Amino acid sequence: MDFQIYVGIILFLIGTLGFVIRRNIIVCFMCIELMLNSVNLIFVTYSHQLKSAIGLMYAFIIMAVAAAEVAIGLAIIIMIHRLKNTVDMDQLNILKG
Amino acid sequence: MEQIPILSIVTFFPLIGVIILLMIDRENYGVQKGIAFIVTLINFFISLYVLYHFKEDTASMQFVESYPWIEKLGIYYFVGIDGISVLLFMLTTFLCPICILCSWTYIEKHVREFLIAMLFLEVGMLGAFIALDLFLFYIFWELMLIPMYFIIGVWGGKRRIYAAIKFVLYTLFGSVLMLIAILVLYFYVGSKTGVYTFNLLKLYETLAPYEVQVWLFAAFALSFAIKVPMFPLHTWLPDAHVEAPTAGSVILAGVLLKMGTYGFIRFAMGLFPHATQAATPLFVTLSIIGIIYGALVAMMQPDVKKLVAYSSVSHLGAVMLGLFSLNSQGIEGGIYQMLNHGLSTGALFIMIGMLYERRHTRLIEDFGGLTKAVPIFAVFFMIVTLSSIGLPGLNGFIGEFLIFMGAFKANKLWAVFAASSVILSAAYMLWMFQRVMFGPITKEENKNIKDLNLREISLMVPVILLFFVMGIFPNYFLNKMHTSVNSFIDRYNKSIAITTSQLEKQGIIKGGE
Amino acid sequence: MITTYISYIFSLLAIVFALSTIFQRNPVYSAASLIVVMIALAVNYLILNAEFIAAIQVIVYAGAIMVLFVFVVMLLNIKEVTKKSEQLSKGRLFGIILSVLFGIQLIVVALSAKTIITKGDILKYAGMDSTRIIGKVLFSDYLLPFEVVSIVLIVGIIGAVVLAKSKE
Amino acid sequence: MTELNINFWTIAPQIVLTIFGFLLMLIGSATRSKNFGNLHLIAVFGFLLALVANIYTMGNRQLGFSNMVMVDDLSTYFNIIFFISGIIVSFVSEGYIDGKIKHKGEYYALITFSVLGMTFISSSLDFIMLFLGLEIMSFSVYVLAGMFKKDIRSAESALKYFLLGSFSTAIFLLGIALLYGAFGTTNFAYMLQTYTKYFETEKSINLIAGSSLVLTGIIFKIAVVPFHMWTPDVYDGAPTSVTAFMATAVKASAFLMLIRVYLIGLRPLVFDVAGVIAILAIITMTVGNLSALPQKNIKRMLAYSSIAHAGYMLVGFVALNQISLSAIMFYLFSYVFMNVGAFTICSLFEKEGVGCELSDLSGKGFKHPFLGLMTVIFMFSMAGVPPTAGFIGKFYIFTGAIQSGYVSLAIIGVLNSAISAYYYLRVLVYMFFKDYEGGVSPNVLYPSTAIGLVLSAVGVLALGVIPGFLFNAATQAFTFLF
Amino acid sequence: MFNYIAAIPLFPAIGALINGILGTRFPKSLVHIIALTAIGSSFALSVKAFFQLLSLPPDQRIIEVTLYQWMASGDFSIDVAFLLDPLSAVMLLVVTGVGFLIHIYSTGYMHHDPSYSRFFTYLNLFVFAMLLLVMGNNFLMMFVGWEGVGLCSYLLIGFWFDDHANASAGKKAFVVNRVGDFGFILGMFMIFIIFGSLKYSDVFSRAESLLPYGGIMATAITLLLFVGATGKSAQIPLYVWLPDAMAGPTPVSALIHAATMVTAGVYMIARCNVLYSLAPFSLGVVATIGALTAIFAASMGLVQRDIKKVLAYSTISQLGYMFLGVGVAAYSAGVFHLMTHAFFKALLFLGAGSVIHAMGGEQDIMNMGGLRKHIPKTFLTFLIGTLAIAGTPGLAGFFSKDEILWQAFSSPHGHPLLWAVAAVAAGMTSFYMFRLTFLTFFGKERMDEHTKHHIHESPNSMVIPLMILAILSVLGGYVGVPEALGGSNHFHHFLDPIIKKVGKAEPHHYSHALEYGLMLTSVAIAVVGFILAYTMYIRRPDLPERLANNFQGLYKLLFNKYYVDEIYEFIFVKGCKNLGTLLWLKFDVPVIDGIVNGVGKVTMYLGENVRKIQTGYIQHYIVGILIGVVVVLGIFIF
């Protein structure tokens, strides 16, 4: 078993942790990227381990998807910033209850 | 022989009225009322065909129609009528035109919508009485809720919203559990016989074991007991009655409550005889408590409508007692009392509605000495009151008498407690009557109220006549029930015998003692 | 063996900078740390025989995407907010505990996981390097996903245009 | 597998939708200055064409693109749900977004793309296609949720949806990764084979963990408690037409994912999953209903109610028999009609930036009889009162549940539905029982909106009165399982 | 074939129907013509029926007319059918005869009443119901009549409903009667359970074989039926309604509350004599209650000031006699007294009515006096009535009362104590009746001038019935002169066929001498009563007051009718009302409805709290998701 699996899992955990503790939307978004990266790492590791090309496909496609995701995400962040002049998550709770 | 689908015609005929109403100018209230009235009246006359061609000598379902609806689940549009339901069916068609007449001036806003609601309500009620497919029955059962909800909520009194929601939620809570029970039964019987069906008559044939019956019966009974309403599930009734407009109260008391008792005899007791037997002590106790409790609470009500509402609790308690006597007197008395209660309490509500239209109050203390001002009203009111307290010669007596007799046959003590209602009902009704109609006129407003007009008289007369006919010639009505009720009792006894022997085999009950 | 050590080192690097990403007060530093993480991962990809992935990891991820991040951070001129509220820190604490629990679970899974299959479809392409394999597979079995990715990107573009466009 | 196995018929509807998506963008941008008002018709036309294509592919099961996609009855029927949702939403959108959204072309294009993503989900036979379909759908909806760019609520909704959605996607992906590690493949068909080969006796922990992570990703989309928390906020903030779309089509696709993944790919695990979902279903419907009870904002109330509805549908999944699964499909069908209808009503009474409060409806029912009637139909259907589709849907669900012996689940379900009647009926209370107090008059009723409403109402009633045909079709769709 | 017997009750029914629906439009003359025709025809037919019966040999004197099957259910079926036998024939004659006279009387008495037609409607209706009661051939028909007369009683007591007191009195009568009916109906059920039928012929013919002598069932049935009788016939403990019933118009008091309706209980026991004879314990109860009522009511009558109240208590007391009679199994004696009582009590009431009419509505005898000069005809007839009720030898009351006294002593079910009580009561009767007569017609004129000026003799329509009744009160007794006095006791022989001899008790054989002795004793007691009254109210008019002052406690007790009304009011009326209020306000609203609403409130409360989870903070939502993930994952992997 390749140890990169553990690395992937630790990175995923760090991403989760970051999402939980940070209030800056952009940083949280970065954490999501971190999580996607870690998943990529796991895919590639498994691909290596299983001698299977599918993991690589996933890594490739996830990257593309992540790119689109970043585009949309940053656009939303820009929109929020434009309306509220903040990227603090805690400021965003008009919708509740 | 191919026969005309008369039951469906009668049931869905009011929809024609709905369509016509939708096409009519919104403001043209008179024509709208006229159309609704004529439609319901014609419907009543059509329904007389059912009564006329009803065969008294057979216990099987008549005018049966059966079309597949959701075949995958064995759901059929399966309707029919027998001695238990035919009179309730007729009662419904009879009351509907009267209700429309009695709300002629009572309803002032959204007349067309009101009439549409009434017509829909009629469809729902008629459908529930003829449905022989459990699923179909449930559909109609719930369908009634919608128009009633609006009738109470839109055209009701001050606390109408509370009352309407309470009514619907209370009923819904009961009925959803019944739905589950229906499904459980469906699968149980299906797995036993291999035929998955909601057909009531087929379901009758397969008896669930005692442990299953008890739960299913509980679910059915809860639903019906809420509708009846049995003590202690009755509190929605006073609210609903007080807030509902006259026609709503009439239908509510006249027909909707009967759904509960009808449901008991047709479904809960018919399908689960053994559980019925086991539950009899409980239901009889509750019925008797209801009879006395309803009467006592009714006595002290300051609001006439509430008084009548609580009296319904008492009367329906008697009906339930009759049904649970499980002998022909009790059951026939129960069914007869359903009709009586429908007519006499309906008539009481109509009369109270007439008072309300004139005085815009229903508090007893606001009246007094009205007989002087409205003699014709007084006569009708007196007769209706007497019918309600079960005076011989009027309809109420026959039902009560048979019920008490049935109860007495089943258990003497039941009848002793239940028959005390003859005293209490006289006490609260006559006391109310005295305070409203007798004594000096103390309030200035009461002096000049108008007596009944022609419309009001003509809507009361058929009801009053029916009181007498039903009181003097009850056999015409009872004869229609005999065969069905007897076959019901036979089936019940046979089922009890079967399940008892099953249980004995399993060693749950020790036999031979 | 040396690759293993390199791999260890870069894995450690990735973890450290990942932590740095989430603990940096300044978002720009976070972004920079994330770039390091990505590059470290790219090295790991190389070691895992995924050269092509490693390449686009650097080009697309570390290059394009992260630049976009930094660009937005700069554009918005974001400063870290320092105000804290009591209620939230409780929630966060709970969140931290949960993520740690989640991590423990995942690690337990990874520890006790056994790989049963060892002969994947890659054997069909014996002798090819991973880039070729990717090419082969991408235009045969993974043709449809590959094409569909284009729609994902289109949606991304539309989204970015529609949302971020400031003046109508 | 050197030979390419391409079967374009399997993606015929997708092709149609893609074309129309681009077409809408083009026409939209070309006509932006002219305020072209018929884009929704183009969208509807697109959906109709796709529907035709979809029906054309109906029939035998077909595989395509190296087993990436599988077209069977299940996918085609679910596609119909998506298309109908798309059609009705397009109809009702025009009146709502007119004047509020400049990017109308993009709006409809995004809806089209979103439906496209759903169709990929429905016909996917591989996690990669499922994932891509999910992402197409999600990204489109993220953007759609934020389409009211001036409205902070819309923006907040989009952000919440986006962040939480991405987070759950990441978890979903991790799950796929673990599954990949266990199976060496992500194709449902091969996974099944592998399973029977290796895991019959002992389940790998990878497999279990992967499947549960995938599950969390899916039930996030379904909005199962405790994954539901985004739902009310997002539904509340998003443009109402989008909310309608989210609550119906997106939810349907999430259920489809559940079915696809756990009844095909991870079928051996389905009973374990169902056990967990049973608990979650109870919590979901209860929490959904309880939270909906005190809501004064109709949109939010409907959002919570959609959580509750998801709970009922999960009961169908738990029961796992032909009836209950068909019931889910039927329910989703009827849910499209009634929920889009309900949200449309809500949108008509909406004040900009505030939403639709219950008190805004006071006495409006009689003032605007058409809307009143529609509300009655939709609300009773939501509450599950016959003769509406909502009732039949619940009936089927609980029938299925009882067939599998989940009587207690069914009881909790029906009791919940009785609770839910309270808040649905409260809408009618305000509309009909309260007196008219003037107040804001409803937004202009566009003919297209009216058409959409009538379509929904007819759907609700038709499915309520003659549910047999659809139910038969639904059972047909699930025959492959039994 | 339609038998004319069925027409007997039908005529009044038709009369009531016509007057009821159209009466208000008719002139008064037409109204009473209709009413009188109706009852007159009934009377004529009754006479015809009576003679038809007489023409038959004694053991075949039963005519049954079945109209139709009324109701049937399971093994229960009942017909609308009439029975004509000696007992019902006697009752028919009394009811239609006295009723007819009272109808005539009413045309005068009620002439100025605006609700003239209503009055006659009710009267006709009453006669109809009463005829159903006496003519039915089964218990249910009897019960129908039983309730029907109760209704008419209610309507007529509350005839002047403007005054709440009247309406209350009517209501009280109805409700108290219903208490009795409650027992009656249970008795009927029990009969049905045992005999499977409610038809007299079925029941009585099989009674001896189905009910063991003195058995619990027989006792239960008869006691339950007797509960009904205590209600209808105003016996202890249900007599309380009758004094209040005097609120109705006087002809009503005469017809319903003296002559006919209240005797229904006696009729019923006479009708069920077989059953009662099988239940000696019940007979004992009946006799004891009868005797107690007789003395109890008489004692209350001693001090009443309202002319009608005195008569009312007298009625109760006399009814007590009748029950004493039937209670010692001397059924024909009871019925005999019933008949004679009908004559003289109707006479007394109508006379009282005439007095009231003359006094312009005044009813307090303390405000009367010396009226004999003003209204001589009334005085004369009233005096005859008084003499008759006091048991003056030769008048009707003497024969019937003495027969009862003798039977109370001599019957196998009798007891000397019963005789003694009844004899004392007879003395009291004599006292208060003469007191009444003296206070009304003799002594000073205590009314005010205005009233005095208006005093006038009643019109002929009122006086003629008085006279006829007076004649009947004198002669009515001669149909049943006991053998001891050399009569042949036709009445008893006439009734014999319906009275079955059952049971083992052999009648004692006493000598005629004893009978004479007792007769003389009772006459002597009556004379004592007379002398006392004479002393107190003619010779020493100040005596009553002094006595009242000296025995204030006793006087107050008597004057307030032993406070029975108050006790009943407190226990039953207040009790029910308080219970009702308690159940409503302390149980129904807070507990039952409270639970219902509480469920709603709790649900809402939960909802309010559950929604608080929804804080709006993204990170809380993440926490939610993480909880879910951890839990789901945990469930799966552990």
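Chains: A, B, C, D and E, in written order; residue numbering restarts at 1 for each.
Just so it is clear, contacts are C-beta pairs under 8 Å (C-beta built on N, C-alpha and C of every residue); 3 or more make two chains touch, one makes a residue touch a chain.
Note that the structure is a prediction, hence the values are computed from the model and not measured.
Chemist: By the touch criterion stated at the start, how many steps lie between chain B and chain C on the shortest route?
Modeler: Tracing touching chains, the least step count from chain B to chain C comes to 2.
Chemist: Tell me, which chains sit next to both chain C and chain E?
Modeler: Common neighbours, chain C/chain E: A, D.
Chemist: So using the touch definition from the top, which pair is joined by more C-beta contacts, D-E or A-E?
Modeler: Pair with the higher count of C-beta contacts: D-E.
Chemist: Of all the other chains, whose mean CA position lies farthest from chain E?
Modeler: C
Chemist: Where the CA atoms of chain C average out and where those of chain D average out, how many Å apart are those spots?
Modeler: Computed value for the inter-centroid distance: 30 Å.
Chemist: Approximately how many whole Å separate the CA-defined centres of chain A and chain D?
Modeler: The mean C-alpha positions of chain A and chain D differ by 25 Å.
Chemist: Quick one: report the Å distance separating chain A from chain B, using the average Cα coordinate of each chain.
Modeler: 64
Chemist: Approximately how many whole Å separate the CA-defined centres of chain A and chain C?
Modeler: 6
Chemist: Identify all positions of chain A at which a residue touches two or more other chains, and write them in rising order.
Modeler: Residues 5, 12, 15-16, 19-20, 23, 28-29, 49-50, 52, 54, 57, 61, 65, 68-69, 72, 75-77, 79, 90, 92-97.
Chemist: Hey, what residues on chain C touch two or more of the other chains?
Modeler: Only 88, 92, 95, 98-99, 102, 105-106, 109, 113, 115, 117, 120-121, 142, 145, 149, 152, 155-156, 159, 161-163 qualify.
Chemist: Using the touch rule from the top of the page, what residues of chain E touch 2 or more other chains?
Modeler: Chain E, residues with two or more chain partners: 600, 611, 614-620, 622-623, 626-627, 629, 633, 637.
Chemist: What chain-chain pairs meet the touch criterion?
Modeler: Every touching chain pair, ordered by label, is A-C, A-D, A-E, B-D, B-E, C-D, C-E, D-E.
Chemist: Write out the stretch or stretches of chain D touching chain C in their complex.
Modeler: 1-2, 4, 6, 11, 18, 21, 25, 64-66, 68-69, 102-103, 106, 109-110, 113, 116-117, 120, 126, 128-129, 132-133, 135-136, 139-140, 142-143, 146-147, 149, 158, 174, 178, 181-185, 194, 198, 204-206, 209
Chemist: Could you please specify the touching residues of chain E with respect to chain B in the complex?
Modeler: It is residues 24, 68-76, 140, 143-144, 147-148, 151, 154, 158, 161-164, 166-168, 170-171, 174-175, 178-179, 181-182, 185-186, 189-190, 192-193, 576-577, 579-581, 583-584, 588, 592-593, 596, 600 of chain E that touch chain B.
Chemist: Quick one: which bits of chain E touch chain A in the complex? Just the residue numbers, please.
Modeler: Those in contact with chain A are residues 611-612, 614-619, 622-623, 626.
Chemist: Would you pull the chain A residues touching chain D in the complex into a rising list?
Modeler: Against chain D, chain A makes touches at 5, 8, 12, 15, 19, 25, 28-29, 32, 35-36, 38-39, 42-43, 46, 49-50, 52, 54-55, 57-58, 61-62, 65, 68-69, 72-73, 75-77, 79-80, 83-84, 92-97.
Chemist: What residues on chain D touch chain E, complex-wise?
Modeler: The contact residues of chain D facing chain E are 159-160, 163-164, 167-168, 171, 205, 208-209, 211-213, 215-216, 219-220, 224-230, 232-233, 272, 276, 287, 289-295, 304, 419, 422.
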